[in-house]
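Both complexes below contain chain A, partnered by chain B and then by chain C.
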Partner chain A sequence: MKHHPLTPLLFLLPGCIILGTFIFYPTINAIWLSFTNYNIVDKPKYVGLENYNQLFHDSMFWYSLYHTIIYLICVVPALVILPIFLAILVNRKIKGIAFFRSVYYIPVVTSIVVVGITWDWLYKDNGLLNYILQLLNLINQPIHWLTSTSTSLIAVMLVTIWKGLGYYMVIYLAGLQSIPDELYEAAEIDGANSWKKTTRIIFPLLMPSILIVSIMSSIAAMKVFEEIYVITGGGPLHSSETLVFYIFKEAFDKLNMGYASAAGVILFLITLALSVANLKILGKENNI
Partner chain B sequence: MILILPDGKQINKEVNREMKFRSLFIIMLLLSMIFVSACSNSKGTQNEGANKKETIEFWTMQLKPTFTDYIQNMINDFESKNPNIKVNWVDVPASDLQQKMLSAVSSKTAPDLVNLPVGFATKLVSMDALVHINEALTKEQQDQYFAGGLKAYTTYDSKVTYGIPWYLSIEETLYNAEIFKKAGLDPNNPPKTFEEAAEVAKVIKEKTGKYGFYPSLDLSLPLRYMVMFGAPLLNEDGTKAAFNTPEGLHMFQYFTDLYKNDLIPHSIITDDERKGIDEYAAGNIAIFSTGPQYLTQIKENAPDVYKDTLTSEGITGKSGLHNMSVQGLVIPKQSKHQKAAIKLALFITNPKNEVEFSKLTTIYPSNKKAIEDPYFTQLPKNPEPTDRARITGAKELENSEVLVDFKGNTAVANELQQALFDALQKSMLGKLSPKEAVQEAESNWNKILENNK
Partner chain C sequence: MDASKFGAPKRNNYSYGKKMKLIFKNLLVYILLILVGIVLIGPFLWLLSTALKSGSENIFKYPPDLIPNHITLSNFSKVMEAFPFWRYLFNSTVVSIFTVILNTLFCSLAAYPLARINFKGRNIVFLLIISTMIIPFQLLMIPIYILAINLGLQNTYAGMILPHITTAFGIFIIRQGMITIPFELDESAFMDGANRFQIWWRIILPLTKPSIVTLAIFTFVSSWDDFLWPLIITNDQNMYTLPLGVNMLMGTFSSDWRLISAGAIISVIPIIIVFVLLQKYFVNGLKGAIKG
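Right, the complex of A and B next:
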């Protein structure tokens, strides 16, 4: 069979064009814009590191970065560990298990606007969540989930976790299904209980999936935007504003495109560092 | 994967091919990027204008589906009278309009005629991106509109009028007579001032557990309340904040007390006017200040609440001032069909079309001739809430003005709004005392104004 040398390239071309248009070109353009004072109105003017300098002194930037880091610390472990148990739960061959797998996945594909409106109702002072908590005598007064600066971020994080569980569960499910049954049987013969099976067999063999999930959820946590936009709008008093939301406001409310691009570049660098760190820490154990 | 073959030559061939493959791949990637940037720099194809038939694009702010027929009929009428002009009508949701406009203007794909409220036009005005109506229209054409309406769309230094006023709405109070009765209050004696509203809210909360009052705090509303309370926003030449007065402090104190005493819903801090309308329609609030055009929405969505609804003049403070909102039409300078757009604008704002529009919902025409119609001066035989609202409002027109005036600082209007709102939030949430919050708002305003010089 004779292969034309250009054939693979032609297959790649459409993908390259799309990637080029929507990912590489905007990225490089944004890096360029971060060194200008572009505000859509006038032509971009080179201003060197002024944007970065201003960012360094901008308390709002650090505040939103701080929220983003809290997001990372709370959401990533939840989205790395909890779906494992969900996956174990649905990794059975009983009848109707497909139904449960779908049900857990539905939040992932539900429109964030619908999710936002629903959770907004759940979080109301006289909403279902407060009702249940009061019923169980866990609280005396309703918690002002969305209108208190101390709980607004927690409220949004819970929604992110809820929405992401199904997505990572599917990844883990695939990983689980590649673990041969003989291992479980051998472990049982050796007298291992469920917990030992989970920690000694599943966790180590699931490491590649855990690595993937860890990287993906870290990036997702750094980029979180929709939940905040729909549910709290960054409020009250910017207490649930994360980095991407801050960038959005600077770029599209205030039209400080250059400034927002600089913040975007910093976000990019942090995310890159995070991914590399993930690879080094989790990848080392498995020679990945 | 490199296949290890016994023949040394084969390995080299494989490696060579792979390296060639890689470098070609990189070249393809670079080419696609250059291809993309080249495309984005070239101007899109535009209507030459020399063709016989012109197509103009007309954007409205959230008029579908309630007014689809009205607008469509008006457009059909216009097209039949102007056979060389075709109108492409696009309706944009209110929450998207400002950004859609900005991105359209910056990507040079702006429409020809846009129904844009003053607040959304501020950035475009600072970019001088809108056609100067004072130059494009004759004096005669301009004189047919209420001075207040034109003033709303004129820059502070009175040099440029950038929009044609289309319809006006007055802030009025809607109140649920049923809840009033349940609380033992007289529905024919609604509160007229903020103080009275607070007292009414207290009674309603005690007797019915519902919230009496929903003073929305989004957009420029806090600034409006400030003016109503009798504190000016800016000094004479618009260079410094002027609301750090006893009246300004009183306004902060007022809202803080309402919030602390749970007389207004907590969600008021994060929700917007739309949510307030929903709460009112759900029968959870007794008093709601808004433009009477929303009555139509309440009529559709909550007929029970609608039939219990009475209207009164807008609640105001020490100043006795009422706010008028003006919706108008602007023409981006980029438009290649400015003459046709102006024709359409004048057609839309002629007396006949304006009166017809006002018959569909409680808004007021911007055209002086239109207000003479008996529709605005006489109550019909069996008046409905909307009828009462209309007559009340028409009387208020004289005492109404656009209360929030940024005095030449329109470029930083959003920042000023946010700064005042942030300070008010801090006071309401108890993070600062009202006094400290007013001072913080003042110093932030001065910083913003200083940077804007």
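Right, the complex of A and C next:
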């Protein structure tokens, strides 16, 4: 089939204009801005590596990076592992299962602002969560979830995990449903119990899905912002500020656009490194 | 072990003992399903319960009352008076609908040559497009903001819509859908004198419908729930989308949690309706997207 040489170009044109204007050009521009001093009002002034140098000595930057890494270490394993069990739980053909799957997905489609309000209310000192924890004898004193510097980050991480469970559950569900039934039957004949079935059959066959989820949830953890903006506002005393929150504040509160861009470039480099590492470590095992 | 753990039982000739075991097991499964359900939906029900409590009831009571003593809808009507819900709903609808239409259109246009025309440099173009997936929007938001200000897009619908109307994810999903269609279809249409645009519109697009629906739903949800970009590009409350409007509730009603809860509940009704109507596409679409 022949085609006019311009035909592919015409089809690609609208999309490429948008990607060019809103991704390629801004990427280059962000890198350029990271070498400048820019406050929107005056013209950008080239300062070389000054922004990076300053970032390196900025304790608030390191503090926010530290929170982001804690986020990554706590949230990613939870979002990689818990949804597997959820997916196993809902991967059965029993009455009403579609209803449960949908209910589990509701936190995913709900806007983060409403989720934030919901949890803010649960986290009150005399709120429902403290009440339930006391009822179960897990705590003696109410926890000051959002007003204490030692728990604010944990509180926001719990919300991120809670909101993400249903999303990753569906990804695993797709993976589970591509495992042929014969494998389970063969395992049963060999006398495997549920736990053995889970660890010996399901986990290895889910490796491709685990890779996807681990990349997606790491990228999401690096970029976490909304939960923090809505629930804690980064506080108390910066105890829940993450990297993107820091970038947002520098750029749009303080108008340090060049400086914030430098932090953005670092965010990008870490995200890139994480994706590559994920592919290398988990990809090797499944020859992806 | 029986097969019920991973699927419906295939045989009916269970012994009595086995049957009991199966019933017990299913009961256990339902209890687990309900417990998880409470964890995932309970927080919303608690918010709803708070929104239904009347002013005479102490919402900060400890231990809390799970169910309101007197159910009242007055908080909802009060919040509707103070909070321009319809305005925000209208803004959210305009932004989401245009984003969905343009994104699915541009992505399916761009996906077509990438899937079905053998042109020079195709792989490079595809790779370039896919590589944009790893660039975080949080890096781009500063230059896009500056660009949007210079183009006069602050506080406009266009400003909220334009950056999101072509995504690498969308092109990828639709290309995956298009690749599986047999190439004979294009060729026979070509023989009949159809041009490339007609082939795309009349033959390929209808056959790519599942991928398009998936992309449309994903785009709708992410656009409807988007918070960061509208927060940056609007400062005029008349242009606020629902998430921004709801975020204001906390400030407006400071500590009147009955009204905050009522406002939050009202704001999720539209997306819950869409979700209930299209729920099979949500779950199946995501599965399809991953498999593809």
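To be clear about the criterion, the second predicted complex is superposed on the first by the 274 of 288 C-alpha atoms of A that agree within 3 Å, B and C clash if a C-alpha of one lies under 4 Å from a C-alpha of the other, contacts with A are read in each partner's own complex, and residues count from 1 in each chain.
Going forward, contacts are C-beta pairs under 8 Å (C-beta built on N, C-alpha and C of every residue); 3 or more make two chains touch, one makes a residue touch a chain.
Everything numeric here is computed off the predicted structure, so don't read it as measured data.
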| item | value |
| --- | --- |
| Simultaneous placement of chain C and chain B on chain A, clash or fit | clash |
| First (chain B), second (chain C), both or neither touched by A:Phe24 | both |
| Partner chain(s) touched by A:Thr147 [first = chain B, second = chain C, both, neither] | first |
| First, second, both or neither for A:Ala186, with chain B first and chain C second | neither |
| Chain B versus chain C as contact partner of A:Ile73, first or second or both or neither | neither |
| Chain B versus chain C as contact partner of A:Ile94, first or second or both or neither | second |
| First (chain B), second (chain C), both or neither touched by A:Asp253 | first |
| Touched partner set for A:Gly235, first chain B, second chain C, both or neither | first |
| Chain B versus chain C as contact partner of A:Leu49, first or second or both or neither | neither |
| Partner chain in contact with A:Ile81 - chain B first, chain C second, else both or neither | neither |
| Of chain B and chain C, the chain that contacts the larger number of chain A residues | C |
| Contacts on chain A seen with chain B and repeated with chain C across the two complexes | 5, 8, 12, 16, 19, 21, 24-25, 40, 124, 252 |
| Chain B contact footprint on chain A (complex, rising order) | 5, 8-9, 12-13, 16-17, 19-21, 24-25, 28, 40-41, 124-125, 144, 146-149, 232-233, 235-238, 252-255 |
| Residues of chain B touching chain A in the complex | 17, 20-21, 24-25, 28-29, 32-33, 35-37, 99, 102, 105-106, 123, 126-127, 265-267, 269-270, 414-415, 422, 425-426, 429, 431 |
| Contacting residues of chain C [partner chain A, same complex] | 1, 3-8, 26, 29-30, 32-33, 36-37, 39-41, 43-44, 46-47, 50, 60, 62-64, 105-107, 109-110, 112-114, 117, 119, 122, 125, 129, 132, 134-147, 149, 162-163, 165-166, 168, 171, 186-187, 190, 196, 200, 221, 224-225, 227-228, 231-232, 242-244, 246-247, 249-250, 257, 260-261, 264, 267-268, 271-272, 275-276, 279-280, 282-283, 286-288, 290-291 |
| Chain C partner contacts - residues on chain A that touch it in the complex | 1, 3, 5, 7-8, 11-12, 14-16, 18-19, 21-27, 29-30, 33, 40, 86, 89-94, 97-98, 100-107, 109-114, 117-122, 124, 126-128, 131, 162, 165-167, 170-171, 173-175, 177-178, 181, 184-185, 188, 192-194, 197, 209, 212, 219, 222-223, 225-226, 229-230, 244, 247-248, 251-252, 257, 260-261, 264-265, 267-268, 271-272, 275 |
